[in-house]
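Think of it as A, B and C in the order they're written, each chain with its own count starting at 1.
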Amino acid sequence: MTLTPAIKKDFLIKLAENSKRQDERKFDEFRKIELETNVVKKAEGSARCKIGNTQVITGIKMDIGEPYPDIPEQGVMTTAAELIPLASPDFEAGPPREDAIELARVVDRGIRESEVIEVDKLCIVPHKKIWMVFIDIHIIDYDGNLFDAASLSALAALMTTKVPIERIKPMLEQEKENKDLIGKYLKDNPKDYPLPMKKPPISCTSVKFNNVVVMDPSLDEEEIAEARLTVATDENNDIRAMQKGLNGSFTTDEVRKVIKASIDNGKKLRKILYNSVGKKNG
Amino acid sequence: MKTDIKLLEKGKRLDGRKPDELRPIKIEAGVLHRAEGSCYLEWGNNKVIAAVYGPREAVPRHTQNPLRAIVNARYNMAAFSVDDRKRPGPDRRSREISKVISEALEHVILVERYPRASIDVNIEVLDAEAGTRCAGLTAAAVALIDAGIPMRDIPVACAAGKIEDTVVLDLGKEEDNYGSADLPIAISPRTGEILLLQMDGHLTLKEFDKALDIAIKGCKKISEIQKKAILEKYQNKKEEK
Amino acid sequence: MTQETRQIVIPSQLLGDIKNKKSGRGTFVENGKIYSEILGVLNDKSEYINVVPLKGIYDPTEKDFIIGVVLEALQSSWLVDINAAYPALLHVNEVPWDVDFGETEKYLNHGDSIMAKILSVDREKKLQITLKDRNLYKIKGGQIIDVEPSKVPRIIGKKGSMISLIKKYTKCRIFVGQNGRIWIEGNDDGVKKVIETIGMIEDQSLSFGLTNKIEELLKKDAKDVH
């Protein structure tokens, strides 16, 4: 088990009192970010995000399924995160623990609630056949701030996803029921096409220790963190998702400061995201 | 499985390879920050990453062996690594592969050095296309060296198979699906000992001899690539002034 | 400058024959031949063939000075993490204080760092450490960094030459644990310099003339030197 010596904690606190961080970053500064798309051929979409030494690979798979009865003409998305033992001496094999579940759900909310994926364009036969989008987040190196690395890689993967008509076509053509509707859908969409997406909100995560709040926590900072706050903002500087974690607390003033820093950094991260998927900003 | 596709035509396979030709392989050592040792490997369209933690005290305590370290290899396929998304978590196939890989590695690691400890090897398949267990074991070996684990040899794996009555080396995707035999092996290249051997399909004794022979030859070629990858990582540091 | 070549070897690499050499550290013998068992640097100048490891966790050796972090205070001992494959035990008899049964927490607790010495390593690799020696105590203040244990000899240098150099020019107090943990205390700039210098040594540990190079760099930045 990784144990943070008390001395390390004291040292980080002392630095923070002098407005410094161990790696000389400003309190609201991110580490170097690398974002690469199309890294897994088998996946319909994929991306690798590296923030500092933290590395996350997200793969998108799509398949045909049945819609939920209350939303019969909408596609379905699910998000799963795996903290695989590869990534840290403290990650154990086994069913996802709470941290993995929280991570997946926070990334999921940022995408689902902002309706980033245009799920009403993912219907093939109303009430019967829709597209399912599986977002699988694979943490492969843990060095602090999984939330933002996971979120960025998921968005980059989604924005480069192609709906796999060609792979699924043979199966669809074999269907005995709804031949007309399926036929029409395949006629309208004869080849693989980009997953219909809207502009996504960008998430930024901060942690608090000893009354100091820093953004994009390093591993050491995360280990002594008392509270954590993730804020997702969109291009209009509006807030789309938030999550506070750990058992410490924030003052309302701190929350407002974090929101402002998230908006500012959100802009920078959005630029990196758009560059990596080959779109122009805005 | 049956198919109309011709797997072998005029001595050339679907991807243009000759019967005894390997797919392109790329190996890089020391790619992760947290792991003690790590390796990223591409083999045809396979992409695997291996990481080693340990030796560290084995937990839970009842798994400890007072005389030696236990080797826990864990092979896992990412949900997005295959055509039809795979549900996360180990299935029976992954658990079996984990077991045979652990056993192969145990033979070459000097486990008596670390009583009561465990050496944890994690293999993640990110992109899969036939031969992932061979790719995984080959990557794991490099990760173990990168972690400074003492070994008496560097294990390496490769598969041979049969398509259209011809024994071939390193089955590709269609060959794996529509071929008539699959023989993955792992060897200790210095001694020639066989550490992993599995077979399914149909081979005559003569075909088996041929398959084993070309698989071993394939292993030896890959062994050179492994060694080069390690030396490249550490030799370059030496040349820095 | 003499150009000796530092040769990197890997497991299973043939290094020699027992007819002419003896098998030393990091090697094993099979059928009369000597092979490397680890990734390391070959040292075959003497009658022994040794391989000095480039990587690998700390291998606890009796009499080594190390920095430990307390995991748990037990009834009459403490369990201490020393960055090895196993935690070490520190018994109440091995500390300079008079500790009553069950009072261990008053002296050392989870997260405390200590400078200690390895007392014994038994066949099952059960480790005992002690604080009963000069300059061993509970650490207060300063900071601790982690380095590859295999780089420690280079950081200390021949007869302590490298570490003395660093101490002299940065005016910092430094304690190097054989287990890859280094404690540093001093003014902010000095500590920063120490960490930078150690980082450089880690990266270039195989180069020649490193001690001179480091001395030049430190001299350039130092204001005054005793």
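Going forward, contacts are C-beta pairs under 8 Å (C-beta built on N, C-alpha and C of every residue); 3 or more make two chains touch, one makes a residue touch a chain.
Since we're looking at a predicted model, the values are computed, not measured.
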* If we look at subunit B and subunit C, which chains touch each of them? -> A
* Interface with more contacting C-beta pairs, comparing A-B to A-C -> A-B
* Where the centre means the average of the CA atoms, what chain is farthest from subunit A? -> C
* **subunit B and subunit C, separation of their C-alpha mean positions in angstrom** => 34
* To do: Measure off the straight-line distance from the CA centroid of subunit A to the CA centroid of subunit B, and report it in whole Å.
  => 31
* Asked: Taking each chain's centre as the mean of its CA atoms, how far is subunit A from subunit C in angstrom?
  -> 40
* Got the subunit B residues that touch at least 2 other chains? -> 56
* Which residues belonging to subunit A are in contact with no fewer than two other chains? -> none
* Write out the stretch or stretches of subunit B touching subunit A in their complex. => 32-35, 38, 45, 47, 49-51, 53, 56, 74, 76, 78-85, 88-90, 120, 122, 124, 126-129
* Asked: Mind pulling up the subunit C residues that touch subunit A in the complex?
  -> 69, 71, 81, 110-113, 139-144, 183
* Asked: Can you list the residues on subunit C that touch subunit B in the complex?
  -> 6, 8, 10-12, 26, 28, 30, 35, 37-39, 53-57, 85-87, 123-125, 150, 203-204, 206-207
* Asked: Given the complex with subunit B, which residues does subunit A contribute to the contact?
  -> 39-43, 46, 53, 55, 57-61, 63, 80, 82, 84-89, 93, 95-96, 134, 136, 138, 140-143, 167
* Contact set on subunit B toward subunit C in their complex -> 36-37, 54-57, 66, 110, 114-117, 145-154, 189-190, 227, 230-231, 234-235, 237-238, 240-241
